[in-house]
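So, here's a batch of structures to check.
Shared between the two complexes below is subunit A, which has subunit B as its partner in the first and subunit C in the second.
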Partner chain A sequence: MLRYSLKRLLQGLVTVFLIATATFFAMHSVPGDPLAGDKALTERIRANLEAKYGLDQPLMTQYGIFLGNLVQGDFGISYTQENRRVNDIIREHFPVSATLGILAVAFAGLGGVLWGALTALYRNRWPDMAIMLAVILGISVPSFVFAALGQLLLVQVNGWLGFSLLPVAGWGTVAHMLIPSLVLGLGTMAYLTRLMRSSMLEIVGSDFVRTAKSKGLSASRIFTHHQLRNAILPVVTVLGPAIAAIATGGFVVEMVFAIPGLGRYFVQAVQQLDYTVIMGTTVFYGAFLVFMVIVVDLLYGWIDPRVRLE
Partner chain B sequence: MSLTVAQASDRRGDAAFNRSAARQLGLFGLATLIGLAALMWGLNLLASLTATAGGAPPAVDAANNAITVMLAEEPPQLDSTRATDQVSGLVLGHVMEGLLRYDQRGELAPGVAEHWRIDETGATFRLRADARWSDGQPITAHDFVFAWRLGLDPANASQYAFILYPIKNGEAVNQGRLPLTELGARAVDARTLEVAFERPIAFFDKLTAFATYLPVREDFYRAAEGRYGAGADQLLYSGPFAITSWVHGQSLQLDRNPHYWDQARVRLDRISVGYITSDPNTRLNLFKDEKIVMTGLTAENLNSALEQRWRIHRFMDGSIFYLEFNHREGRPTRNLNFRKALALAQDSGELVYKVTKAPGYLPGESLFPRFLDGVHGKFRDEHPARVRQMDLRAARAHLRQARQELGLDEFPPLVLLAGDNPVSNVQTEYFQAVFKRNLGLDIKIDRQIFKQRLAKMTAGDFDLVLAGWGPDYNDPLTFGDLFASWNLNNRGRYASAAYDRQVRIAQGAMDAPTRMAAFAEMQRIIHEDVVIIPNYERGVAYVTHPRVKGIVRRVVGADTDYTYAWIDP
Partner chain C sequence: MTEAAFTADDFQPAAAAHSAQAASRPSLSYWQDAWIRLKANRRALSSLYLVIGLLLFTLIGPLIWTVDPSLQDLEQISQPPGADRNAVVVAPHSPWNGVARQPLGGGLGLAEPPTTQSVRLAWEPLPDAAGYRLYRNLFPYEPGQPLGLPLFATFNADRRHFEDRLDLKPRTYHYSVAGLDAQGEVTGAVRSLEVAVARVVTAQDAQDIGLVADAGQLSPGDRIKLRAHPLGTDYLGRDLLARLMAGARVSLFIGIAAPLLFIAFGVIYGAAAGFLGGLADQALMRFSDFVVALPFLLFMILLRVASGVQPGESGITPMVLAMVLLSWPAAARLVRGQILQIREEGYVSAARLLGGSAPYLVLRHMIPNTLGVILVTMTFAVPTAIFTEAFLSFIGMGVAPPTPSWGSMCNEGIKTMLTTPHELIFPALFISVTVLAFNLLGDGLRDALDARMRSAE
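And now, the complex of A and B:
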């Protein structure tokens, strides 16, 4: 187990290094000038700015400096917000995205299992059909539509009530998180519901459930200990990448609900060619994704003793 | 027979099983809800640790004499010597004051300077005795000298350094040819600031209201160790408000600065920036929900605002947008007849009223927008711009002539460089359509993100480009010198000795009639030479909370300005 964990961790580090390298060179080959602004720069000022960010060095030297700083965990200063260090941007804004993401994943995971189990129980009857219709909507409608609709609905409800039931946008309290995290988790919830349904249906007809029934075990025990526990495995597998996807994919939801999360910086940095922020957020998110996959793999062995980690 | 009985009993068993399972699921659902509630409680606790507590304040909080507003983005740079953008300008306009400022009507008014004298060689400013920083120390002449040296310090690499060039040796210092101490600005004593000019300048008083001219106190700047302006505590305030809290990306709180000298003009006690997002629909929703006191309207949500029967305000923001030609050697757009053909084949009125349909926009007629002052009235009233009417016969004649002059059988496809936003998208499609239909020309649209568009403009990698320009100060020169041959922002590289001569007159002359005549001449040359095709002057439609009065929109200076606002009881 320990050996396996160490091995995975090492592999993870190599993956992050590859991500960093690929991003670095891809970013530098994107056309455009990171220093360009509304006003043209004189040569002297441009030279000073290039020196400040090390852009006057050959690309390979820049890469070496970048790797050196990366080992020390230092991503440098943002190009667009010159007084802020990229580390500070990640430190201040990732907790917001993470909070939103945790809640979204909780919604998605718990909801997905619940709805999925329900559809399996009531297969081909109306609860199944109703939920599956919602699932198709949830998977096919992009989150920015749900975000806009959710917000519009809130405005209407608040208008009818005459007071603010839930805030329309902003950040700070749980009330602010409720709708955004629900919207953010909706797609994953729909996906997990479908996954849960198919794995439940597969298990209902399996030998061990039949055996458990014939042994005379109580229905509820069979349901929780034999069906749910087995059916939930595929859900756990996709949960890792789903968590990473939710934590990184919150850009649109963060824009619509005016939430100060990291997703905004992640996307805007690319549009503004903010080299240091691009590298910082990409490497950070890459490491996060790799880490989540490892955690899920380790969890897998704990949930299902049949899986041996070697 | 027995088989069916077994099946029936099995079905009965299944039904019982299902009921039981459903009960289990119900319990699971309940547990889920309780778990989620607990999680949210925990998160709430966590959030209250990291963010400012309290829910959403209302748009108007009469009890605390406070209003809530929103910003389109986090202010990128509150170090006034390096700030370049509108959002930073807006915030700085509330928390900082320079020598002079603009009042409610947009007229220059005394700020930190009590009185001043400007002549051809220089200026002297007398600072008021009661002007104080937010920590109670007096604002001195040295704070201005320090800020201006900082703005020109090559090591500081300020993009707006050029605006300080009218000060003697400004450009030489910025180019590193002279030491900072050679700058022609001197603190005679704590309250007297003496400025020597590089050459006579007619609008220096207007420049001193600009952000780059704001004071910075040396000891505070040095103590911030390169993080000046990064947070609420890392900035010292000279204006009517002070930032008391700043949660990056989320909120700023501006409270009345008790040390500000002109307390009488400030009527609000607090301005909260509660939201930071560039999404126009979110802004509209927040306004509907009475969470912010003002929002701009886009063409898409104008109807929604009309349905609400809100009173819609209009405002021209002073920016001008145009189709700029590439005048470099080897481009077909270098040919005057070709440019005339293009200009005659389109109609800015059609573009504004039928194509973009953005609320508040006006068809472009000149490089000089309508707000600029002339000698007595508005410059554009005193010198009406000549406008080409769409004329396809003439356009085709010019095109034939151009073809002969260039020795071409067929024109190659023209590259139209543009930004990637909704308005410029329809604009490019309009030009593509009219030039094809009216002149048979093929237009290749090259849509780029902002930085890439600028890089291509600077490199001259285009035939036509959708460009725009906004004013830095309230004088026609802020537009006029744009097409001077030496101006780095002249990205189409238009060069004309006659035009340059007029720019030099406007830069050096002190009397308004001479200068305005020079600008009128520039306007004529731009029209005759078809340096650009004016597209539109940008307008803004917006709505404000009915109880908040005195919100000022500005063409130059901090826009939007809430420093004069008050809550109607």
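And now, the complex of A and C:
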């Protein structure tokens, strides 16, 4: 177990290193450089700025400096926001994204397990049909449409009630978080519901369920202690990729709901070609996602002891 | 114990009973069998028709509806479908000095019939007003509520007329005039007026947008019909149906070309790894593991930035390339697994025994036997690719602006979704229906083609 964890961790580090390298060279292959902006610079100012940002060095030296700083956890200074450190940007905005993402994963996980179990219990009856119809919609409709529809619905509801039940956009209180995280989690919830349904259906016909029934256990106890626990396992395996999907899906939701998260910042930085911010957030996000997948994999071994990690 | 005596007759061959040998039903190939299964699946079949319909819409549609998707109809901006297209021809605009006033009732009144060319307003003096400010609103005046868009302000108490020519639409507006005190504060005296603006067009404009061949044919007072837009227009007055068709080309091209390419690459890569085995297999698979670990959307965005789309380019090729670069490992892994299994099958050994070369074995025996799985993967890859394109275009990192795609149309539509929701609803509907159709078709194909992957439903 320890050996396996260490091996995965090492692999993760190599992946992060590759992400950083790919990001660095992708950024530096862009024609032009960050200083070729809208302001005309004199030779002298340009030379000074290049020296300040280290752009006068050969590419490999710059790469070395970048890696050196990265090892110390320093992502550098933003180009478009003068003297603002990328670390500060991440520190300020990542907690917002993380809160949104955790809530969305919670919604998706709980909702997926609950709906999936319900569909399996009411197989081919109307609750099953209704939920599966919703699931098909959830898989087919893009997240930004859900975001727009969610906002539209809030406007209508607030207008209809005559007071603001839930805020339409912005961030700060729990009320701000509910609808965006629900919208963000919807696609994943639909996917998990489908997974949970098929895993539940498989388990309903298994031997241990029949044994439990013949022992005289109540239907509810079989459901909670035998079926649900076993059916939940495949859902846990896909939680890692699901977290990744939710983290990047957050870009759109943050844009639509005007949430000051890191995703919105990343999109902005890309649009302004703010190289250090792009590199910093990519490496940070990349590392986060890679390690989330590892954590979920390790968690799986803990939840289901039958799975041998090696 | 009795002994039976055999005669020579006993050793004659029995009469050939052909009925035992004959196949009672025609023999079916794998694909014929799959097609029969698919046809029995109503959901999959209707989604197949839907996919065919979408392809027809994309390929044949522009031949039937030949409107240029980039043509701007400035007379009809952000028109919902089925909007009134009638317009009255008027003389060109001439300046107004505010003299020709009609008798006013209720404080604020119209000097002339209101048209989209101009709304000419005049008002009676308000008590204690040292000046006036005129507002335009979409909603009726209510005390305490905002008055709307301020159009005009003056500190001359005798200047009591205004001509509104600001972006007038054929709809109902609510104008309000508020008295100002000497400090420029609103005194509280407000007069309001509801104005229903009629759509007009000058003869010259009608000629310019191609409604008539010659402006001389029209005289003021004539009624004409503006261009038809079955699904309305967008915020620049472009025909939404034509743009949806042009956008379908981009979205479906990316959605089909990218999976085709990356699955083709993945098949070759996976087949090579699976067939070679050993160290080469390990090295190839380790590399694909690293590509899988890269965060997909972040790298799509990065590659898009790195490819640096120049003005005038659509940005479709870099997007397809980026998708191919990042998406092939899933197909490679799948095909490798299949090849590893098939490699041990008897028919492969038989072919090898007969002297088949390695490329022959792979191309003739192994890859055709994985085609079912590959086709299913392909069908599920299409909606993912369409989603990715829509997502990237939505955050402004996809196809470059003049080229329409469903995602970029959603991006434009979402800005005006409260006032003109049709600009968002139509492209969103097309994305959803396409993704739905390919997902259901994929489910059906999986059930029909591959017994092992058959879903539990």
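Basically, the second predicted complex is superposed on the first by the 306 of 310 C-alpha atoms of A that agree within 3 Å, B and C clash if a C-alpha of one lies under 4 Å from a C-alpha of the other, contacts with A are read in each partner's own complex, and residues count from 1 in each chain.
Convention: contacts are C-beta pairs under 8 Å (C-beta built on N, C-alpha and C of every residue); 3 or more make two chains touch, one makes a residue touch a chain.
The model shown is predicted, which means the values in this text are computed figures rather than measured ones.
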Q.
Taking subunit A as the common reference, can subunit B and subunit C both be placed on it without clashing, or not? Answer clash or fit.
A. clash
(Q) Quick check for you: in the superposed arrangement, does A:A219 touch first (subunit B), second (subunit C), both or neither? (A) first
(Q) With both complexes superposed on chain A, which partner does A:L152 reach: first (subunit B), second (subunit C), both or neither? (A) both
Q. Should A:M27 be classified as contacting the first partner (subunit B), the second (subunit C), both, or neither?
A. second
(Q) A:F107 in the overlay: touching subunit B, subunit C, both, or neither? Say first, second, both or neither. (A) first
Q) Looking at the overlay, does A:Q72 come into contact with subunit B only (first), subunit C only (second), both, or neither? A) neither
(Q) Between subunit C and subunit B, which one touches more residues of subunit A when both complexes sit on the common chain A? (A) B
(Q) Looking at A:K52 after the superposition, I want to know if it touches subunit B, subunit C, both of them or none. Which is it: first, second, both, neither? (A) first
(Q) Under the stated touch criterion, which partner chain does A:S198 make contact with: subunit B (first), subunit C (second), both, or neither? (A) second
Q | Touching partner for A:I278 - first (subunit B), second (subunit C), both, neither | A | second
Q. Once the two structures are fitted together, what part of subunit A is touched by subunit B and by subunit C alike?
A. 31-32, 148, 152, 155, 255-256, 271, 273
(Q) Quick check: in the complex, which residue numbers of subunit A touch subunit C? (A) 14-15, 18-19, 22-23, 26-27, 29-32, 136-137, 139-145, 148, 152, 155, 197-198, 201-202, 244, 248, 251-252, 255-256, 266-267, 270-271, 273, 278, 282, 285-286, 289-290, 293
Q | Residues on subunit C engaged by subunit A in the complex (per definition of touch) | A | 290, 293-299, 301-303, 305-306, 308, 383, 387, 390-391, 394-397, 407, 410-411, 414, 417-418, 421, 424, 428, 431-433, 435-436, 439-440, 455-457
Q. In their shared complex, at which residues does subunit A touch subunit B?
A. 31-34, 36-42, 44-45, 48-49, 52, 80-84, 89, 92-93, 95-96, 99, 102-103, 106-107, 110-111, 113-114, 117-118, 121-122, 148, 151-152, 154-155, 158-159, 164, 167-178, 213, 218-220, 222-224, 255-261, 264-265, 271-273
Q: Provide the residue numbers of subunit B that touch subunit A in the complex, in ascending order.
A: 16-18, 20-25, 28-29, 32, 35-36, 39-41, 43-44, 46-48, 50-56, 70, 74, 76-79, 82, 84, 154-155, 157-162, 174-176, 226-230, 234, 247-250, 274-279, 281-282, 285-286, 288-289, 291, 448-452, 454-455, 458, 487-489, 491
